[in-house]
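Presented below are the structures under discussion, each in the form of structure tokens.
Shared between the two complexes below is chain A, which pairs with chain B and chain C, respectively.
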Partner chain A sequence: MSTKLLGRPMLYTSYESEMALLNTGTKKAGLGLLLAVGVGLPFLVSDPQLRTLALALITAVGVIGLGLVTGYAGQVSLGHAFFLGVGACTAAALGGDPDSDLIGFGVTEVLIWLPAAGLVAAVAGALVAPLAVRLRGLYLAIVTLGLVFVGGYVFNEWTELTGGQGVGRNMPQPTLFGYELGVSDEFFTKEQKLYWLMLVVLVVFAFAARNLVRSRVGRAFSAIRDRDIAAGIMGVNLFRYKMVAFAVSSFYAGCCGALLFVADGRFEPNTSFNLDTSIKFIAMLLIGGVGTISGAILGAFFIIYLPVLTGYLPDLIPGLSTNAAQTPNTHQVELVLYGALLIIFLIFEPRGLFGIWLRLRNYWKAWPFSY
Partner chain B sequence: MRISSRRIAAASAAAILVVGLAGCRGGGGGGTDEQGIRTDVGVTSEPCPDAIDETKGCIYLGTLSDLTVGPFKPLAVPITESQAAFWKRVNEAGGIAGYEVDVTTYVKDNQYNPGVTTQVYNEIKPNILGLIQTLGSEPTNAILADLKSSNILAVPAAWSSTFAFEDIILESGANYCVEAMNAIDWALEQKPDIDSVTAVGYPGDYGDDAAGGVKYSAEQNDLTFKHIATGPGGGDVQGAVVSQLITEKPDLVILTTGPTEAATIVTLVALQGASAGYAPMFIGNSPTWNPAILASPAAGAMTAMYHQAGPWGPWGSDTPGHEAMREALGTPATLNDGYTAGWVWSYPMKAALEKAAANKDLTRKGLVDAAKSLTSVDYEGMLPSEAGNYAAGAAGQFKQTLISKPDANAPTGVTTVEDFFTGPTAEGFTLTKACHETL
Partner chain C sequence: MTQAIEIISRGLGLGSIYALLALGFVIIYKATRVISFAQPAFMLAGAVLVSYLVRPVGFYAAVPLAALGIAGLALGAERVAVRPMLGRPAFTVAIITIGLDIVVRTIATAFIGVNLRRIDDPWGVKTIPVFGAVVQQRHLAMIATTAVLVAALFAFFRYTRMGLAMRAAAFDQEAAMSQGVSVGAVFATSWAIAGALATVGGVFVASGTANVESTMWIIALVALPVIILGGLDSLPGAVISGLGVGVVQEVTATYQQYFPDWLGRNASIISPYVLMMVILLVRPYGLFGTREVERV
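For the complex of A and B:
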């Protein structure tokens, strides 16, 4: 219906059109353009750049997952790295070489090991959920923190699964219906194919998340976040929805973990799934914007591109080195920026990059009568 | 409303990225220069960023080292600095066939972590001809398959026997496996009543490679063999190792860890074992020593109980190569034998580059072929030139080791007590597969 009311985009004549996934023309055009650029990018940019882009795309899936449980359902989780690890290990075990010393089943079909990694992580998430029903706020954060350490111990010691501390194991190279995505062929390079894989996964997961949060489940999440007691009184089944939140979030984390190390080829359990990783994901969510899907994507891109951006600094700042053996170097600047940005965003722009975008948009929407 | 803004936010972010990237696909360089030398990746006709002679082209070599948070940082930073000095000296002496060599532009931190190594390796891979340093056995193993498929020649800052089987790896000095055998033979000479030996090391190729040598040696010499794997960390992590040692009381312990772990274990065994009447002999593989230990509470125990097995003489040794190194580096603020190692490791790469240039083929493939065909390398006396016989493959591995002991008066805290030797066990040993596989 709204399409008939050209020129009056703010007017909706039904709830259905107001709640539509793409409820304005600008939005449809914007998304179409974005997807076109996204799909076409591998023909424009070089392989190393595609590698970074692919990493950002798949990281965004994990951040969206964290956003669902922390941003939408309000359950602070420091345990995201554990679920990433569960996903990565499941994928590595399923896709691993059966003849090696490590656990491997030789299933390289990505359509099998990717959902499987998500499902195993989701089960792990569902097992944690009963704790979330009993606890909230800081207490829940501490319990999920424990998860990272317990999980970290298992990852380090279970060498048949993870390769062990300091060693790690290789990730399987995905195949899609027998077509190898992890090796270059005469048509496309490995980087191009993996980029498209990550892009498709992100688009599917982002739409699924967007649909979830505008549904009954999503409204229940928001109700629990805003006041769980009130939500319970209104008839929201706290146990069920907290469990759904953790399971779905962990599913996202599992799938992210399964693909996160595919491009570089190897993970090391002690440093890949520790508290630093959890905090990095929380930082992405906070910097991008809590409680939004596109904010999560922006945050992931921002943090992944931080080292790339600091790489340009030596041209601007004399005396700054890209050589990690010299001081000051870009690596140090990156660490400082990472901390400083977190503080700056929390104090000055709690809505994150998404909030900055909102302000920009509102300014131009009212232009030339902006204030 | 809300939905739209999100989509557009994402769209504009992507648009900004596209503009920001401004890269374009395709086009590796390469071709043939005016001297008729073929080149492909990592060799440019433009001068190096810090060129001494602006008319020369540039050969870029990458470094993946443990520069910030890993257990080998105290050794890795000096290795990297020393290599920069080595190649500066080469460039000042005229470079290699009309090119200067740059080893400082592509220096990346691998954090002694295989996962991080693959990531930073991929970042510099499109810009380098070879790797002048890839630190650590396991980190190097993580990129080994890709090095092979891309024909990238790499100098490992590690001594694993795995490398003997790889054409693209240009290793120097005896491997950990043989070093452990020589260490045990030397120990048996000092104390013939030794009848048990325990290998304590990092999990993975570094610790396991030495442990494989210890196991072989134990079999040959009728010793009881035990193996304990332990990760990086101080007393909290090493406590379990210490109590196992004190319970099992091996006469000899071969350490294959970082310096911190070695010092922690030796000190704790000295403290806690005294009451149990237990004082074993400790010998560490070369990466277990850092002279900073002498300024730590571990100094007493280490001086009393520890020896270092090493592949070449320490900083103060009297050879033309050591002399040149001391002259080039002056007096570094914190001196250790990372400087010596970085310097020694550079010689075979120099020889390979010279040979490749003489073959008129400075492509990646050409460099690997040149390296593989080397039958000797001029180490300026730091190692015998036959140590650079890469054409001989695994069977022709160099097997000589030195034993040193802590000495507060020596520049890097150790003096040699036994010069280059090959023990009887190593003498009778033929490397047929990587030692960690025999464990």
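For the complex of A and C:
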């Protein structure tokens, strides 16, 4: 069988093989290589760099979640930060110290508090779904934006849960079957262990998402995105699938929020879960590529590494300061770049970084012909 | 009674800020079918510009000049970032305006610098007695200015060629185009008007004891629930629900002390959003919006 297909990678003899997660040999090899590099990286790079990498990995989980609801199901959500917050608060409450003034249950086992954070966020997402059924497009966008404000207010005021505005609270340090992941030991450092944790979480969630979108549910999502009334007429249950979309997306956001602040050790409710965070996730999704899982991951890495890149600018541009009190400084350049990139990508490459990759790949595939 | 007058004057003052910003949103929406999230940035940029102009030319000249300047800026932004997106999904264009918002807001914030910037409005915290109640002059000035601007806008849409063109384009873009209306000019004008209105709103926000601060944009965002409440495509809806939301917010703030503790200490901040969600569940197109006819 396989000998017959040699040299004809696009020939599929069954529906299953065409719809397979990795439908070409190149993809299999590429993913294997990528995973090998990903697993081996902690032995090659320093701990501070691993910290940034781990942040990008876990952010990617949140972006994939947003991609499911906005990219695949077409329900514009500016409320992603709220679900991140729900996840982070649940994790902090479950893992928190039971003896402190804040709500805490002392469950540090990551296999318990991580899914729990996702589930609580998923319930919150499912509660938003009735609004999504009644509203569409920009109306929905603004209602989800309202969710960020209402949720942010609750986070700020519910001080027993979040520690309150300007104070924040500590995140639990994850333990896996009693093995401390959040502290360095004689074998591995804290950064290495957290990096591997994030990598495993991302791989699991990315595969789950990829699998979801090629299933019956995923096809229903695409039908709703393309034209929800038409989808409804064809027998797609709009209420159910919009609710599934929001719940799954919020599950991803909850898990992302639960792990996002583990490396830093604490979160602050006022600055961590505001509209800027939501917009950042939207930007990652759009710059990476809407409607693709790999694009979401690319976008997360790109935006997380943007401050790292602008950090090099003062050496190149005279007059640019790294001091936040002076103008112009690198932080301002970073913000302007990020807004400008959003505009530039949407105008010139709406498929995002993934689209650039597709173009490169197609150029390579067809070389020396133009197409 | 005196307390009622005080609450209502404060509420209408606040509401007139929302009304002006909401008008900008609705005018852009009617012309281009897009919600411009860049309005908060134009508001901030307008206030910053006024704070720079007020020393050399005085307050009353600075405001119209800044409004013109920001109108020009909005026009340019529309031409560069939004026009190329013509015909693309509304969501994509809305995200473009978010990108615009970030860029303009960051640059405007950079111009605020580290020192306090004031717009030196002539009203300050001066008050005036109205039927025994103490009313801030700046609130009366806001209400009066908004009334004048709304009347001027009404006249513009009703009696000028451009106003007619804009109404035609809002009704049916293709039909208007075939009758010789320059739809591009309509887009540009709508953005310019929205920019100018945002500037005046920004001046109101920065008046009194407030300074020009980067956090001002949060106030502009309240205009979003306002337009949803009023209906995205209704100009009277924007004004009425803007004023209404202002009053609701002031009433909530005044009676905060009687609320149960679990509602938190600042329930008035989120009252517009809660109001919006409740109304939307009942009326999905807002109070005055047109119900969209959906075709497959």
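Before moving on, here are some points about what is shown:
Methods note: the second predicted complex is superposed on the first by the 366 of 371 C-alpha atoms of A that agree within 3 Å, B and C clash if a C-alpha of one lies under 4 Å from a C-alpha of the other, contacts with A are read in each partner's own complex, and residues count from 1 in each chain.
Simple rule for what comes next: a contact is a pair of C-beta atoms (placed from the backbone, for glycine too) under 8 Å apart; a residue touches a chain by one contact, two chains touch by 3 or more.
For clarity, every value in this text was computed on a predicted model and none was experimentally measured.
After alignment on the shared chain A, the placement of chain B and chain C results in a side-by-side fit free of clashes. Legend: residue contacts after superposition of the two complexes on their common chain; A:76 is shown touching chain C, with no touch to chain B. In the superposed pair of complexes, A:145 makes contact with chain C only, with no contact to chain B. By the touch criterion defined above, A:135 reaches chain C but does not reach chain B. In the overlay built on the shared chain, the residue A:233 is in contact with chain C alone; chain B does not reach it.
Using the contact criterion defined above for the overlaid structures, shared-chain residue A:367 touches neither chain B nor chain C, since it reaches no partner. More residues of chain A lie in contact with B than with the other chain of the pair chain B and chain C.
In the superposed pair of complexes, A:338 makes contact with chain C only, with no contact to chain B.
Angle at the C-alpha centre of chain A formed with the centres of chain B and chain C, after superposition on chain A: 70°, rounded to the nearest 10. Look at A:279: by the touch rule set out above, it reaches chain C but stays clear of chain B. Of all Cα pairs linking chain B with chain C in the superposition, the shortest spans 5 Å.
Residues common to the contacts of chain A with chain B and with chain C across the two structures: 156, 325.
The residues of chain A lying in touch with chain C in their complex are 76, 130-131, 134-135, 137-139, 141-143, 145-147, 149-150, 153-154, 156-158, 227, 229-230, 233, 275, 279, 282-283, 286, 325, 327-328, 332, 335-336, 338-343, 346-347, 350. The residues of chain B lying in touch with chain A in their complex are 1, 3-15, 17-18, 21, 23-26, 65, 67-68, 77, 80-81, 104-105, 107-109, 111-119, 122-123, 125-126, 138, 142, 146, 202-205, 231-232.
Within the complex, the chain C residues that touch chain A are 35, 81, 84-85, 88, 90-92, 94-96, 98-103, 106-107, 109-111, 113-114, 221, 224-225, 227-228, 232, 264-266, 269-270, 273-274, 276-277, 280-281, 284-285, 294, 296. Taken together, the chain A residues at the contact with chain B in this complex read 10, 18, 20-24, 26-27, 30-31, 33-34, 37-38, 41, 43-49, 51, 53, 156, 159, 164-168, 170, 210, 214, 261, 263-268, 270-272, 292-295, 297-298, 301, 305, 322-325, 331, 353-354, 357-358, 361.
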